[in-house]
Each structure stands twice: as structure tokens, then as C-alpha cells.
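Note that subunit A is present in both complexes that follow, paired respectively with subunit B and with subunit C.
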Partner chain A sequence: MSGVIETRALTRYFGNRKAVDGLTMTVPRGSVFAFLGRNGSGKTTTIRMLLGLTEPTRGSSRVLGYDSQALPPDARARIGYMSESHTLYNWLTVRQCGEYQSRFYPRWNDRIFQAVVGHFRLHPSAKAGQLSRGERAGLSLAITLAPEPELLILDDPALGLDPVARRSLLESMIYVTRGADRTIFFSSHLLEDVERVADYLAILDRSVLRACCPIETFRSHVKQFLLRYGGNATPPAQLPSLPGLLHVRRSRAELRLTIAGANEQTQRLLRTLGADAVEETPVGFNDALVGYLGDRGEQGFFLEDTTALEMAGNKS
Partner chain B sequence: MTQPTLFVTPPSGAFKAILWKELRENFKWAVAGLVGMTAWLTYKAQFLIQQFQSGNYRYNGDSYVIFEATVTGAALAGLLIGLAQTVMENRGDKWGFLAHRPVHRSTLFWGKAAAGILIYLVAVGLPVASVMIWMGWPGNLPLPFEWRIALPAVTDFLCGVVFYFAGLLTGMRDARWYASRTLGIGAAFACAVMETTFYGFWPAILVCAGGILVAGAAARGTFVAGGQYGLQAKASRAAVGLSVGLGITVAGIIAINIPMSLLLEPTWETRTTEYTMTADGTIVEMVYENNRPTEVKDLQGRPLEQYKDPATRNEAMTLDVLSATLSFPSPLPNRWEQRYRSTQGLFTQLFQGGHSSPLGPTRWYFVNRLGLIAAYSAESGKLIGWMGPDGFTEGPVMPQPFQGTFKKPQGFAASQQGPILVFEDAVYRLDLGQQRIEKAFQPRPGETILAAGSSDENPAMLATYGEQARFEAVSTSQRVVVQLRDGTRLLELPQDGKPKNFYAMQVVRPMRAAGRPIFVWYAASGFGWRGSAVQEQQITEFTPNGTIAHRYEIPARWTDTGAPWREHLAESTVVPFGAQLVAAVVNREAVNRMSVSQRIVGLAIPLLISLLSAAAVFSRAKAYALAPGQQRLWMYLAILLGPLVFLTMLALLDWPAREACPACGRMRVVTREHCEHCNQPFAPPTMDGTEIFELT
Partner chain C sequence: MALTISILTGSNVSIYQQIVDQVCAAIVAGKVAPDEPLPSVRALAEELLINPNTVGRAYGELVREGILESRPGRGMFMSKRRQIYTRAERTRRIDQAVTSLVSQAFMLGFSAEEIVEEVAKKTTELAASADKSPNGGGLS
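== the complex of A and B ==
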């Protein structure tokens, strides 16, 4: 498949630390592509490598068919980029920000700029340095969208925004990029937003790409199983090796397992764990993502407290 | 009310827009620089005025009081403006916001640089130009100002541009502040040193132009590559390498000189010789060790016991010995006087009574271009009048100028200290206090004056010996004349051609010596010169009736056998092999004075150090899998320049992480797609069974 973004074994080290490890993926044209991962997983580094702002240690990436490290100006004109800190020149007014940016973009659409600025209720003579975080995000989005980019790369655009500003941001994004040929590649920690707008996702776990698929595929691949133990039976202290095991939650009489790519063989293995019943329980998209993004394996944090609380609940 | 459009609306076009943005963002630095530089220059100008008015200050020919401020101020301002434009914007999201634009990074760089230079022009150019105009404005400084005096300001300004680019380079270069980041200013520093020491204006301009080219190419290449060295084109890598290499050299010189001066200076042994005359008319050899007289010998080398006591030695050497010194024109142009940073080629300040006497309220200058003496009031700074061969004229109207070439005296600060003024066709006696001038010597037709000198005015000697204590000596194309002020001839000899071979002549009269002889003493390198070599000297002693009493010849010879071992070893260790080779070819005389063992050690130690450096370079280059061409280049440079190259290599190149190769077990660099030892590719990340892929 040919995509607007293609990476091949893209790797970046900072000193001896591997920030991105062998990332190979393709972003389809016209998709809204969520790029997910926990803090420090390598999302921002990847985005900077895609834009040629950081040099990869090895591997390569192509954006709109061009090598990221040699993006010509006309390719850059087709890529809108918004950083997580919503960088602006603080001493410029809202109007001047627009005017300044417009000098660089031949396809600058002032109507879009004004629309987004109006949507965020920004006063044209307000200085960028005096705007609230949400307003800065709005202005940043306005100057990113006004050149009508073919590809929009947004690095955690909603970071730190209140729900209203987040909603405005999403609405603006969707409104402007409703054209079929436009692609949005965005990183985010806000899973509701991902579910609302994205049709593809990629997940980085500790610098390694673990998932890259349509949202529906992801939803269908992550499953949760509840194993109930009756009488004196208790869950086994040690679980056997379960392929795709993401997350385990344990109580005195239950085991709740989140598994990626569970199949018949997985279910057979689960039945060997001595439970009275093995049930597949519905899992929401958010829970599936949290399960996928969280630490692999059994959770130790607050485990004992949870067990004690459950036991206390049973007694009462 | 409409807003002014200047600085409010960005101009059209990417270059103009970035220029506008940079000016708006950084113009505060122009204002800060303007205020700072103006304050500094004002302070220096005020100091200069006070010095002129105090009566003790003598203008030594270098306008250094102002230009020490222009050279340092321009450098500092340029560096800080360059840093201010890059340090805050070269990383993270701010860099992304700047660099991710549909323009070439070169356009961004030149937009930045154009704005930076405009800011620098305001911060430095305006105050420097103002102070130059102030210096030239009549009534501000009591000296004959010519616009050539302002030339150092031009080169200092250009040198500041080199520092500006060095600031951009330092701000952009991806290196640690506590390690090699600041070393990028090396080229600018070297440029400043050369610009201030070069004699000619145009060579200094060329040096600045070269500096701008090197620092500009380095800064541009580094900006375009986002601070990375490895991503730059060859030319800009070479420019960055040169800048950083020079920075390491400067840092190395400072780092080495401090301990060396502490360790070696106390035991630095120098042995020098000087020939001089005693009060009784005997020529003696004085031997100095570490600048202290330790021995007095006669011309046969026998120690003279009577001068052993330092308490009586000085008196015996100088008591009632009168002398007049003549400097012969050099066949080569005096480059020191022609230095563009000096006013010595433009005018000569005239003093009456030598450097120890206080100056009156008038400053006198012989102005070369006009052939006249200008008088300025130190109090008002204004021109008082002019003195020509026919006397003093008040006011701006110029009298008839002197004819013939002015024979400028050589020596201390090129200032005319004696009461005579020498031209090819006449010698004048001056009394500046009384604003009087009279002709002291007139050559015959067809005869030209080569040099003339007068004995110092010494009131004590005048009291003891009367008019006999004041005499003048003139050397012409035909004869040597020694005469008293009243014209009485003490000696007249035919010219023997010695001025062609000697630098200076002294007429010495030991007034206490029996028969009061007159010595005509020629020296190859001037008087008061002392060094590790004895200069050739020829002395003729005349009786008062003009007959030759004695002739003395002192041949040139070396008085030492070269540098002592400790100094030699230190030099051999510090100076790289390539530089030692060049020095050996250029300065063969110094090599000849060394012993064989010193010569061997002098080449063997640097060669050994160079080979060790090359081995270190090779080992590092191998470990990090540098391309064979690069390996060879760094090794050749290391053989020539030693550890400097190894340090430059460490400072410049990226040193990526290394990992053990799972295939061959050896350490390999992570930047290569395949292991440099076994050619196996890197394995993809290990799967943990949770993967969900449907696109790739």
C-alpha cells in the first residue's frame, strides 16, 4: 500500500537510549490516523523525524513521497504541523500571526484562518503571549489549517486543554479536513478523542510499534476474559505463558485477563486454569486502549489493597 | 487613527517576512548594544580628553584608547547578537515552528543573518561612526585628525561581523556548552588577533573577509543541518572544522601557557651582552643574566674589577657622558610606522625636553601630508596655528611648508624628542615654548642630509660645562659634522659610507675623560639594543683636534647556544610536528644554533606525539566505522598537527552509541544499517505476541 507517510525501520537513539526502535508503518491517504503511546514512548521523536527536524539514527521515512530528511519547500507547504506546545511568537497579535504565516504559504486561505479564529473567539489585536492555553491552541490550529494542508501532523494538539477547547479543536479539525484527500496524523493521550475521530491507529510501547491497524480491527482484537473460581478454589499464583496477554487483574475468586489477538487456542489455554467459568466480557475502546498502553502482565500496584477490599466486601 | 505600517504588517515574500520577524524579535538587542557601546565609547573618549588636558599624556601614535573599545565592543556585541538569535530558537518545538516552512533553510538563515547584521549595524556601527565623527570634529581632540585614523574602526566593525557569525554557529551547533560548544568562536578570535596585528589595512580587510566567509559558511551549514555536523556539505564541514580547530588552538595556548609560565619563568635563563662607554672614555662589555648586570669586561674579555660593585657601577657608566643619536633611513619602508592602526605615518608629535618633562598647554605635531607643524590647544582642542620654516603663524592660514623629506627619528614611539627637526635639505632648531624656529645646519649644494641628532638638554651639565654641553651631529651624503649650538665645529669628517651598512650612529663625548675625546660609534641594530646576539659595531675615537686616536671593531656573534634544555623540551612537546618542520625551514639560523642532540629531540618528540595522536585517531575512527577516506584525512592531519586534530575530531564528529552485534558479538555502531564487521542487518524489535498489524 502506498501511503502519505511511510517509515522503514526508523530508529532514533539519544545517547545510548533507544527512543524509537525499528518503526515500520504506512499511513493511508485520507485517513485520520491516531499515533498513541505513553509518555516517552517516542511519538514526538517520530513526528520530528517525519518532518526532517530530527535526524534518524538509522532507517528512513517518506512523507508525501519525499525523503523526510530532504523535504522540499513545496512538500512542506502541503504539510501542516502543530506542536504539542502550540508554539507561537508571543509578541505577535492574532492578526499579525496570520499575516506573518500567510507570507510563506502560496495557498493560504484567510477564510479558514478567520473561521477558526472566530470559532475560538480570539480578538485579532490580542497578543499571542496573553492568550490562554486553549486560545493558543486555537490560534495554532488556525495557522496550521489556513494553508489547506494535504497532510496534517498534530503532536498532542489537545494537551492541557479544557473539554470545551478540546471539542472546539476537534470540530475545527474535522470541519477543515472533511475533504476526502486530506490526511490527519495525530498523537494524543485523550482516548475519547481518538475514538471519536480516528479511523486508524498505531501504538508505540516503549519505543516499539506494537499495533498499526484500523480502529475496528483493534477493537475486535483486544478482548477481556473473566475467570471465576468457586468454593475453595483460587486463581493460580503463577499464570502459564498466554500469547497476547496484556493485562491481568486478580481478586480472591476472579481473574480478569485482557488479551490481544485471542483465538481458539487462547481460550483452550484459559480453560486449563481451573476456573469454574470462563467468560468473554465486553470491553470498551478506552479500556482496550488502556489495557494495551499499560504495562504488560499482572498489575502489582494496589493489588493487595484491592484484594483486601474485595474480601471485606464479601464478608459484609 | 491608523496604525503605522512599519513593523506592524509583515512584508510580502518569505525572506522579507523572516527579516521582519527577526528584527521585531531582536531589535531590543540593537537598542541595548547601542546604549552599551555608546556608554563605553563615551567613557573612552572622555578618558582621552582628560589625558590630553592633564599635560602628562603623550599621543603614542596608536589611537588605542578608542580602538581597544571598538575591537572588543564589536566582537562582544556581534557574538551576543548571534547567540540571541539562535540559542532560544534552535531546539524542540520552537525550531520546528521556525524550520517547518515552505522555504529553503538557507532563506531562513539569510533572513536571520540580514536582520542580525542590521541589528549589529545599529548596535555597533552607529556609535562607532559617531565617535569617529566626534574625533574628527574640530575642537574635540587636540590632534590633526585625518580620516585614515578611522580605518581601524572599519576592520574592527568587520571583525565583529565574524564574531556575529561565530555567535550564530555557537548558538546552533549541537554540542555541550561545558564541552566544545563555545570553541566555534576560534576563527573569529584568530581573525581579531590578525586584524589588530597586521600592518596593512587591505590585508586586515582581507582577513576579515576571509573570517566572514569561514564563519558565515560554518554558521549557514550548521543552521541548514539543524545543528548537526555530519549532515553538512563538505565546504561547511571544513569551515566548522577550521573554526573549532582554531578554538581548540586558542584554548590550548591559554591552557598550556598558564602552567608553563608558572613552571618555567622563574628558571628561564637569559644571558645578553651590551657594549657601552664609561665616564672615563673606556668601551666596556656588559654581561646581563636575567636582565641583571653581572659582569663588566674590557674589549679583550678581561673582567674589570672596579665595576664589580653594583652601587658604584651605574655612576661610573653614565656620569657626564653626553651623546647624540642619529638614525639612518632604512632601505626598506618602515612597516611599523605604516601600520594602518597607527597615526605614525600621518603625523609625529613633537616634544621639547624629552619624555620626562611635563607638557605645556600646546600640542605640536609635524603633519606629513602638509609638511608643516600644527599647534593645538590641549584645553580647547582647537588649532592654534602653524609653524613653517619661516616661523609661527597664528590661526588657520598655513605658512610656506618645509621642503624635502622629513627625517623622522626612529625609536621610542616615533616621537620627536630633541630640539631639532631634520629634513633632507636643512636641520632646524626648535624652541616650541617660545614658538621659535631657526636653521641649525644648511648642506652644501648637491649634499643631502641623511640624519641628525642633538644631545639632550641637561641643566646640570649645562651648569658645569656651559655651551660645550650642547652639541648637534649631522651625517650627510658627503660628511659627518659635530658642532656646538653656536656653530663651532667640533669635528668634520668625510662621509665613509658607513650609513649604508649601519642602522644608527652615536656621537659620544665623555666629558670627564682625559682630553675630552669624541667617539663616532656605528651600530648595526641601534643603541640600547640587547639580545642573545652581539650586533656589529665600529667605533672611532677622535682627539679634539680631529685626528684618529683609536679604532675599535666589535664583530657580530651569538652569545648563547640556543634555548636551554628545559625550554627546548617544553617547546618540542607543545609545538606540533608540522609547525616544527615549517619553523625549521623558515628559521634555519635557530636550528643551526642548536646542538645535534637538541635537533634530534626537537623533531623526535613532536613526531612521537603526532604518531600517538594518529594512532588515537585511527583507533577512534575504526571503533566508530568512519569511511576510509575520512579515516585517512584525519590521520594525515593528526601526523601534521598532533593532539589538536584528535581533540578537534572529538569535538566535531557525532559519536553514536555502540551495541554488541548478536551475529558476531563485536561492538558495532548503531548508525549503520548493517554490522561493519559481519555485514548482518539489525534485527527488527522482538515481538511479544500482543502485536496487531493490518496495514504494514
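== the complex of A and C ==
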């Protein structure tokens, strides 16, 4: 089955700088898909290309079956997009913002608008220009959700929200999944929220896609190994080439390795490092992800949708 | 006597596994009545603020393991027949669990005697609570 969003070798340069490099991914219908990566890794540029707001230098993307660069208005009306900056008409009141937006959508559900506005405790007669960052996010979200879009694209929706507003955002996202076949594609830095609501993830690192798979696949393929050295033995100064090595933490008598896609061969290699004991230790979602995005993360590794792992070339 | 599940994010255990573990623990401890349905996928997801697919997959796993059964139109119940594994599979699973328990206990600095003592204490405790439970038995 084809995805709600499909990109093929999507690439964008700004001058000499690569913002997005050969991104190929599929967002399955009905998924809550987290789009992760550090600041400046190309997430916003990708989102803008999906919506046809930025042109790709190379490659293409399709959203709801249409080329992003030629989205017809009725397809656009089925997409709810919330940008990082929450563009609102500052001179309108909360109520007027809703009324104004509702005219563009045949399927505007005012009950949803009111519910989200209520959730964020916005006063209907408050001017949009006088709202706090969190309140603006709430109003933006109400406007985005009210047309009951089939596909929600949220660019860092939790940015600047206080804990209560964050909870409202999560509740709203879970509420949206009540509609069968609704898809949410969102970027975020709040890994706890991602762990709660997302079932798929993609990781963008320095403009390159590093993983695109169900969260469970990601978790089960990133493992941590603890190598302990007793007596006078110490960890080797130089490690052999370990496929999928993401992160190394050393101390005098210990070596802690975070490895993606470890298999029998990895285990054999680890046993040649002279440690007294090699133990597999559980790794949390946060650690796994930080392992991916940390400076020592290996570039030549890609985690795919299927359980099969693909090595993108040998480590250079 | 009710099933209460609480989720911890940032843990080494995935949310999916936390649900599976806690439902199992609640059944073993007799906290789930045989004729009382478990919360629906949707209700539990909204209560815990997690993706409904995660709850659905956890329930699915529990059904496959023979711990829960789905009664069409009525919901999810604890299974009457709760032993579906072959002898070999049961042996494999207990071996895995014991290995992990013992190595953790050693790492924490407990002696062999202390570990055996702790296991015996917990076994007595769980057996007692299972006897008092309305379904009168644990998982086996």
C-alpha cells in the first residue's frame, strides 16, 4: 500500500549548503509519525517541501497521492499544517480567528475548535496579538484541527509549551487518532512525548535520513553492551570496526557500547576485546536516540522499516 | 481489586512491554476479576495518554500468549485457559527470567543464599495472594 507521504531522493540546497540530502521515506496511513533530528538537520525544510512551500533542488515528494509541487486545493484542504511560527492575524480575536478560518473549509467542525480553545483556556474575545507563546500554539492547533484534516503536519508543535499545554497537545493528538485513517506527521524534541504518542519514527541527522521504522523496531535494534575489565586489564585504546556502533562510553574498567543492529557476529567481535564479562543491558528510548544523534554516531548506518538491516556502504 | 496501569517514559522498558508486564502482574496477583472486562484499547490509551496502537499491540500479544481472550461484543477478559506453552518453551522462558534475575542480584552484591531467600519469600507471597483471588489461581 502506498503511503500518505512519499518522498524520493528529496534534496534541497541553499547555496552550497545541503539542507536535505536524498531523503526517501514513506509515511504509512494511520500512523503517528515522529520526525526527529537536531536543530538544523533539515526537518522544517522537508516539511515545507512536502507542502509545496519550498521547491526541491532534486527529487520529489507526493502527499495524499499528489505531487507536492502541484497540490490541488481540495487536497490542500485535507491537510492540516501548523508551522513553527504560528502565523495568526494579530488584530483578530480568538473567536474571529475561528470564524475567519472556517470560511475556507467546507468541513469545519466548530465543536472541535471550541474544545481545543477551551482546553488551552483561551478567552474568545482575547486578541491573537496579545496571546502568550503557548496560547498562540493552542489557537493555532484549534484552527488546524477544526477542519478535521486527514493528514496533520505539525512542525514542532510542543515548542515553548508549558507542561499543562503540552498535555493538552498530547490529548488533542490522541483524540485525532479516533478517526480511522488519520495520519499525524510531527517533528519534536520532546522524546517523552514521542515515546508516548508516536508509533513510527524517522531520524534526520545532518540532512541525511538515518532511520525510518516503527518505534518498536527502533527500540529492539538499538542495544547496549557493557564490557567489564577486572584486575589490571583495561579496555583497548583502539576499537576494531564494529558495524552499527553508535556510541562509546569508557571508564577505567568499563566499556559501554551502544550498537544498532547487533547480531551474532557483533557478539563474537565483542568477546575478542579481552573483557571479563560482556553483558547486554537494556537501553531507554532517549539513550538510543541520543546515541544516534551524538557526535560519535556512525554515519554509514541506516535502520529500515523491515527487520532486515541495511548497511549503507562500509564504514570509511 | 481493580487493574491499574501506570506508564513511565524514559524507562529501559518500552511502553508496550510495560502494559504487557503490568496486566500479567495484575492477573497473577488476582486483581482482575474473571467476569470483568479490561478497559478498551481506546479508553486505556486516552487514560494513559499513549498511542492506541501501542495498547492494541500489547493486548494482541497477551491474547497470543493465552493470558487474555477477546469476547466479541463484550471486550477483553482474562483467559480461562492460561497455559498455552509447550514444556520446552516454558523451560526456555523461566531459564531466561532466572538468568536475568540472578545476574542482576549478583551485580547488586547479594549472596547466593540471600537470592534464594528472596525468591522463596516472593513465591510464598504471590501464592498466598493468588489463593485469595476470586479466580483462585495464578498463570499456571
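Note that the second predicted complex is superposed on the first by the 294 of 316 C-alpha atoms of A that agree within 3 Å, B and C clash if a C-alpha of one lies under 4 Å from a C-alpha of the other, contacts with A are read in each partner's own complex, and residues count from 1 in each chain.
By our rule, a residue touches a chain if its C-beta (ideal position, glycine included) is under 8 Å from a C-beta of that chain, and two chains touch if they have at least 3 such contacts.
Small disclaimer: the values here were computed from a predicted structure and weren't measured.
Visitor: Superposed on subunit A, are subunit B and subunit C clashing or fitting side by side?
Guide: Subunit B/subunit C on subunit A - fit side by side.
Visitor: Can you tell me whether subunit B or subunit C touches more residues on subunit A?
Guide: B
Visitor: In the overlay, answer first, second, both or neither for which of subunit B and subunit C A:Ala233 touches.
Guide: neither
Visitor: Just subunit B (first), just subunit C (second), both, or neither: which does A:Asp199 touch?
Guide: second
Visitor: One more residue to check, A:Asn286. First (subunit B), second (subunit C), both or neither?
Guide: A:Asn286: touches subunit C, not subunit B.
Visitor: In the superposed arrangement, does A:Ile174 touch subunit B (first), subunit C (second), both or neither?
Guide: second
Visitor: Could you look at A:Arg219 and tell me whether it touches subunit B, subunit C, both or neither (first, second, both, neither)?
Guide: second
Visitor: Would you sort A:Thr57 into first (subunit B), second (subunit C), both or neither based on which partner it touches?
Guide: In the superposition, A:Thr57 contacts subunit B only.
Visitor: After the superposition, pull out the minimum Cα separation from subunit B to subunit C in whole angstrom, please.
Guide: It comes out at 17 Å between the closest C-alpha atoms.
Visitor: What is the shared patch of subunit A, the residues that subunit B and subunit C both contact?
Guide: Touching subunit B and subunit C on subunit A: no residues.
Visitor: Hey, which residues of subunit A end up touching subunit B in the complex?
Guide: 1, 3, 9, 11, 13, 15-16, 21-22, 24-26, 28, 48, 51, 53-55, 57-59, 69, 73-74, 76-77, 79, 81, 83-85, 87-89, 91, 96, 99-100, 103-106, 200, 208-214, 217-218, 221-222, 243-246, 260-261, 292, 296
Visitor: Write out the stretch or stretches of subunit B touching subunit A in their complex.
Guide: Contacts found on subunit B: 8-14, 16-17, 20-21, 24-25, 92-97, 99-104, 226, 228, 231, 656-657, 670-673, 682, 684-685, 688-696.
Visitor: Name, in rising order, each residue of subunit C that touches subunit A in their complex.
Guide: 7, 9-16, 42, 45-46, 49-54, 57, 103
Visitor: Help me check something: in the complex, which residues belonging to subunit A touch subunit C?
Guide: My answer: residues 32, 167, 170-171, 174-175, 177-178, 191-192, 195-199, 215-216, 219, 279, 282-286.
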